[in-house]
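Listed below are the structures to be examined.
Heads up, the next two complexes both have chain A, just with different partners, chain B and then chain C.
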Partner chain A sequence: MSRAETAGGTGAEASVRPRPLWTLGLVRDELRTTFRRWRTLALLGVLAAVPVLVGIAVRIETGDGSSSGGGGGGPAFVSQITNNGLFLVFTALAATLPFFLPMAVGVIAGDAVAGEAGAGTLRYLLVAPAGRTRLLLTKYAAVMVFCLAATLVVAVSALAVGALLFPLGDLTTISGTRITFAEGLLRALLIALVVAASLLGVAALGLFVSTLTNSGIAAMATTVGLLITVQILDQIPQLHALHPYLFSHYWLSFADLMREPVLWDDLTRNLGLQALYALVFGSAAWARFTGKDVTA
Partner chain B sequence: MDGTSATEQTRGRPAAGDAVVVTRGLTKRYRGGQLAVDGLHLTVPAGSVFGFLGPNGSGKTTTIRMLMGLIEPTSGTADVLGRPMPRSARAVLPHVGALIEGPALYGFLSGRDNLLRYDAADPTADPRTRTARVAAALDRVGLTAASGKKARAYSLGMKQRLGLAAALLRPRRLLVLDEPTNGLDPQGMREIRALVRELATDGTTVFLSSHLLDEIEQVCTHVAVMARGRLITQGPVAELAAGARGRLVVTTPDPADAARVLKEQGLADVVADGDRVSAEPPARDLAEVNAALVTAGVRVRGFAVERASLEDAFVALTGEGFDVAG
Partner chain C sequence: MAPNETDDTTTAGEVEEPRAGRRRAARYIVPVTVMGVAAATIGLVPALADSGDPDLPDITAAQLIEKIAQSDVERLSGTVKITTDLGLPDLGGLESGLLSGAAGGEDGEGGSSADPSGRLTELASGTHTLRVAADGPDRQKLSLLENAAEYSLIHNGKDVWGYDSASNEVYHATVDEADTKERSAQRPPATPKDFAEEALKAVDDTTSVKVDGTAQVAGRDAYRLVVEPKQSGSTVGAISIAVDHETGMPLKFTLTPAGGGAAVVDVGFTKVSFDRPDASTFRFTPPKGAKVTEDTEQDRAHGGFGGKPERGPKPEEDLAKGLDGLRMLGEGWNTVATFDTGTGAGLPTEEAGGDLGGFLGSLGDQVKGDFGKGTVFSTRLVNALITEDGTVYVGTVTKDALVKAAEAGK
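Let's look at the complex of A and B:
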């Protein structure tokens, strides 16, 4: 970079009109920043490892030639993996959705605002001026992208491991009908998208918690703690009146996409519930963040 | 309503005499009930290097945070560049570069990437000139060679420089620098002071908070003094220092005789301390006083008026030592 060039760049700078697409620029930068952190990569690495472990375990269990070992136990679809590697995608998503995936999202969402506040970088973003509403939207967008990325990492890793260790081909749905491998792939993609969408409620909750404190660790811990609490509440039969409002209640409904015809009831309930959580906790986060004194 | 009409007034005035920062009764009481800033009436003239002086805990940083729209005042108003804060933050802040309570960086990003991120956060910054402006800012603070290193490996002084570079990403009308020389070695402090002077020459108003009196004295044209959340005084540095009068100091091996002669000459507050005799300087010609001393046979080795320092002025104003936290 020559001196003349830099001087020219500075001199040409005159306009201070906000550019309409600048928000996208900030989102892009936010994504770059998020996905360059070791922590993000480590989380994705752990998620990628889950299907590998499941795949190898199933392979070893059934290596002696017997078909599915035991049956009944374990996550959904696990008994079908030996017949078709594609089922590893469904099994891996079913295995990671209750805890690993939302925990990873809770870490990223919880740290989103609180981490910046704790490091002091929040004040410099705000005086840049990033704008509080836009910064919050940017953060939520980045967390949403992370939800999708995390889910896809699990799905792609599972697909790769499934293809390596097991045969691929046409598959049987839960309803007993046969579908082609191509359609199976399509359903797998659809399921991945639904799983990613299932995480949006936790993401909004984590973002709200993140606006409450200046400690990223505290926000992450609180979000993951809430996640576990909700999962426990969802297991207590006496609280069944509460269950339809717990964000995790319809999570495993994605299996209904493997029915023929697809059973939409719980799927739409799930997506509606996630939208409700995103709305409620997104608004709460906005109200909190825009009115907050930034003292860190 | 009050704020709006005042804003229009400020905007109507000619640019040269414009105040860059005006606060009226600015007050911040934290939720705990602690009164951090109490009824501040501050005016920062355009083009000045404005020293904002006060011990740690006197409310300087809280004031700066209110000016930058980071915290909401409990009462009172703050206009920056003629617009009310924090309401007009999006219009005002692109013209303001700030270093608040030390630098804050992303340790896992390089120095250059830190600046790219801060620049991307500014909606009015042109992405096409971004890399060029970042390189220019790095060059200005002498960090070009270290710009590829991860910020976590930076020394405190380098972090401080990078924070300054972030404030200099674009041409600014106002620079707010909160303790900019913290953590710098003497050479670094000199460089920062030179940079501040250079920026001021370019017409940028610099609002410089510090608890170092000599720093303020060396670079500032105007100064405001805070203690315990209140503004004690503000005005041109020369006026403030003049307010605390200097002292006539006579160095002599005959202090007793000198003290007697000075008293005879009608000088007040004569104090003899070893071979130094000091007194309040008289209004008349000092040469007469010197002649009287010599005539009386006092051997005069030194005869001078020691200028009052800003520290003397501060002690005179607050009646307390400087390093007392509020």
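Let's look at the complex of A and C:
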């Protein structure tokens, strides 16, 4: 049965290949269903609320004129927010990247295939002459768009709150040099893109887990569980030999974009590692999904 | 991680069609291959990049030392990685807790997390990445890179700025031109050049110096100068200095202990450029809202480096300076410094020092000799003997050599 289905899938794939617009349509439909879900909107809402909370907390803390972040505690850049609202963007991303952002991505990615299987809609999707490989790529593309959207939601919300509550202007890089506000904005955008790219590893991992089970909840829980496990492993000093291979290890390297000159070493390591995770777990998801018996 | 484990082969369809099951398993070759290729690349690329030692014209050790002495690199920028492993007990959090506690306590009188004397002692343990830039004697910058933060020390003309981006605190001092040299001498060594100069001071007839081939450091061809003590009994195994063949500047400094194991000090450029750094590198204006601590001349005269022993770079050195009767025993690498603490008693005893005395005693080894009884404190490089009557012997020699020197010196 599965053989016939796979064969049918590749046959259909071959016949549709000359129409790239059709694939785009597939991605658009997938995006529409993803972003219309209440779950997705709730996740984005929570992400947008984090910078609001941080901004208000810093504002109240420093309302009496005292300077914030005594001694440099708290998330990165937090001591600079009162002087320049743009720093709220960096602080908010640093605060959400370890957990909120990857958790949201894990929920969406984990649900991508398993959710359809659980709801019984996966087989109808496969009836359409799209082919399993193409369907999987579509799902991954949608999750990637979500990574970017989630990051931009945090960044834009932080920028808005920062502009409302704090002054804006030229800023000092962490190396002590000065850059203009426009260049600061450009770096903020660059940082948002790097943060979004940092999530691609988790997204691929979630997609792979999602092809293993027919229960969306199980896939989400497993992905988020793996995320927490990896974060804990990254904190154990005895395992330092393993650390460079954990997908979360170089996440906070995005702050290196605020040095002058930019320190690229860890940034490129991070992007390379994410690409590796995307390739390994993407192809594992492909191996699993194209050979899977779809019964639901 | 291994995707193979998750391939379930128990469905009814596969019992009937074992070939289909095999084909499904075959698909997992793709992720496994990707992982294999990645692992091979990670393992092989450094090996391939290390394309053998460069060919350079022969040079004698004396010529090379001359070259270092004549080196007059005034403009450079680069990244330095510094790893120190003195084998001190790892006080990690405790130490920084004490430091910040001290800083917090002094807040009222001008203590700042941007004060250079406190910050640069961090280099004494662990691995750190530094950025250095210099343009002539008047403009230098040294940045200590931290997670999402940086501590920068900028010298531009008459101004010395310290900026701690984590706490947004600024330290400022003004220096006279004549003062510049003195202050840079007070700075703890941080670059390979600083360390190499210290090591070459110790070169005398008890030392063997030779050129040991060539090496590539930070993409530049360099000679390797190896300095070894001739006598036995020193804890210093060998010092290897990589010297840039063009400029004569030391690019890498490695001190390996005689006892083997990892290097005690390993400082080297990972990137270096001898072009003039951008002028904006040295320009600094305190960011809005930053807390600026002014370090005025008067302050430094009575409350500067010496006045804050708990935060100074090397409290024990300040202590030693203040003591009379500092004597040197032995010669060359086996020199042992000895001085009398003047207290008439060594370590605080259980009764006098309470828990602290017991704690300190437990860190060292008890030894006996002509000098009476004493305690030896060992690190991987430096050993110290404190006798019952309060005499201290310190040197980069083994424990046995230290005891022998103490007996001879008595």
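Operating definition for what follows: the second predicted complex is superposed on the first by the 274 of 296 C-alpha atoms of A that agree within 3 Å, B and C clash if a C-alpha of one lies under 4 Å from a C-alpha of the other, contacts with A are read in each partner's own complex, and residues count from 1 in each chain.
The rule is simple: a contact is a pair of C-beta atoms (placed from the backbone, for glycine too) under 8 Å apart; a residue touches a chain by one contact, two chains touch by 3 or more.
Please read these numbers as outputs of a predicted model, since none were measured by experiment.
By the touch criterion stated above, A:A255 is placed in contact with chain C alone, chain B being left untouched.
Within the superposed three-chain model, A:G25 lies in touch with chain B and out of touch with chain C [touch as defined at top].
Contacts of A:A130 after superposition on the shared chain: chain B is touched, whereas chain C is not. Once chain A of one complex is fitted onto chain A of the other, the partner contacts of A:D293 extend to both chain B and chain C. By the touch criterion defined above, A:N83 reaches chain C but does not reach chain B. Look at A:R36: by the touch rule set out above, it reaches chain B but stays clear of chain C.
Contacts of A:T121 after superposition: chain B is touched, whereas chain C is not reached.
According to the touch criterion, the shared surface of chain A, contacted by chain B in one complex and chain C in the other, consists of residues 1, 3, 291, 293.
Note for the complex: chain B touches chain A at residues 65, 68-72, 89-90, 93-96, 98, 100-102, 104-109, 116-124, 126-127, 129, 131-133, 135-136, 139, 163, 166, 170-171. By the touch criterion given at the top, residues 1, 3, 5-10, 12-13, 15-19, 22-23, 25-26, 28-29, 33, 36-38, 119-121, 123-131, 134-135, 291, 293-295 of chain A touch chain B in their complex.
Put simply, chain A touches chain C in their complex at residues 1-3, 67, 69-72, 76-77, 79-80, 82-84, 94, 167, 169, 171-172, 174-178, 208, 212, 252, 255, 258-260, 263, 276, 279-281, 283-284, 286-288, 290-291, 293. Residue ranges of chain C in contact with chain A, taken from their complex: 3, 6-7, 11, 13, 17, 20, 23-24, 27-28, 30-31, 34-35, 38, 79, 100, 103-104, 113, 131, 143, 145, 147-150, 152, 154, 161, 163-168, 280-281, 283-285, 287-291.
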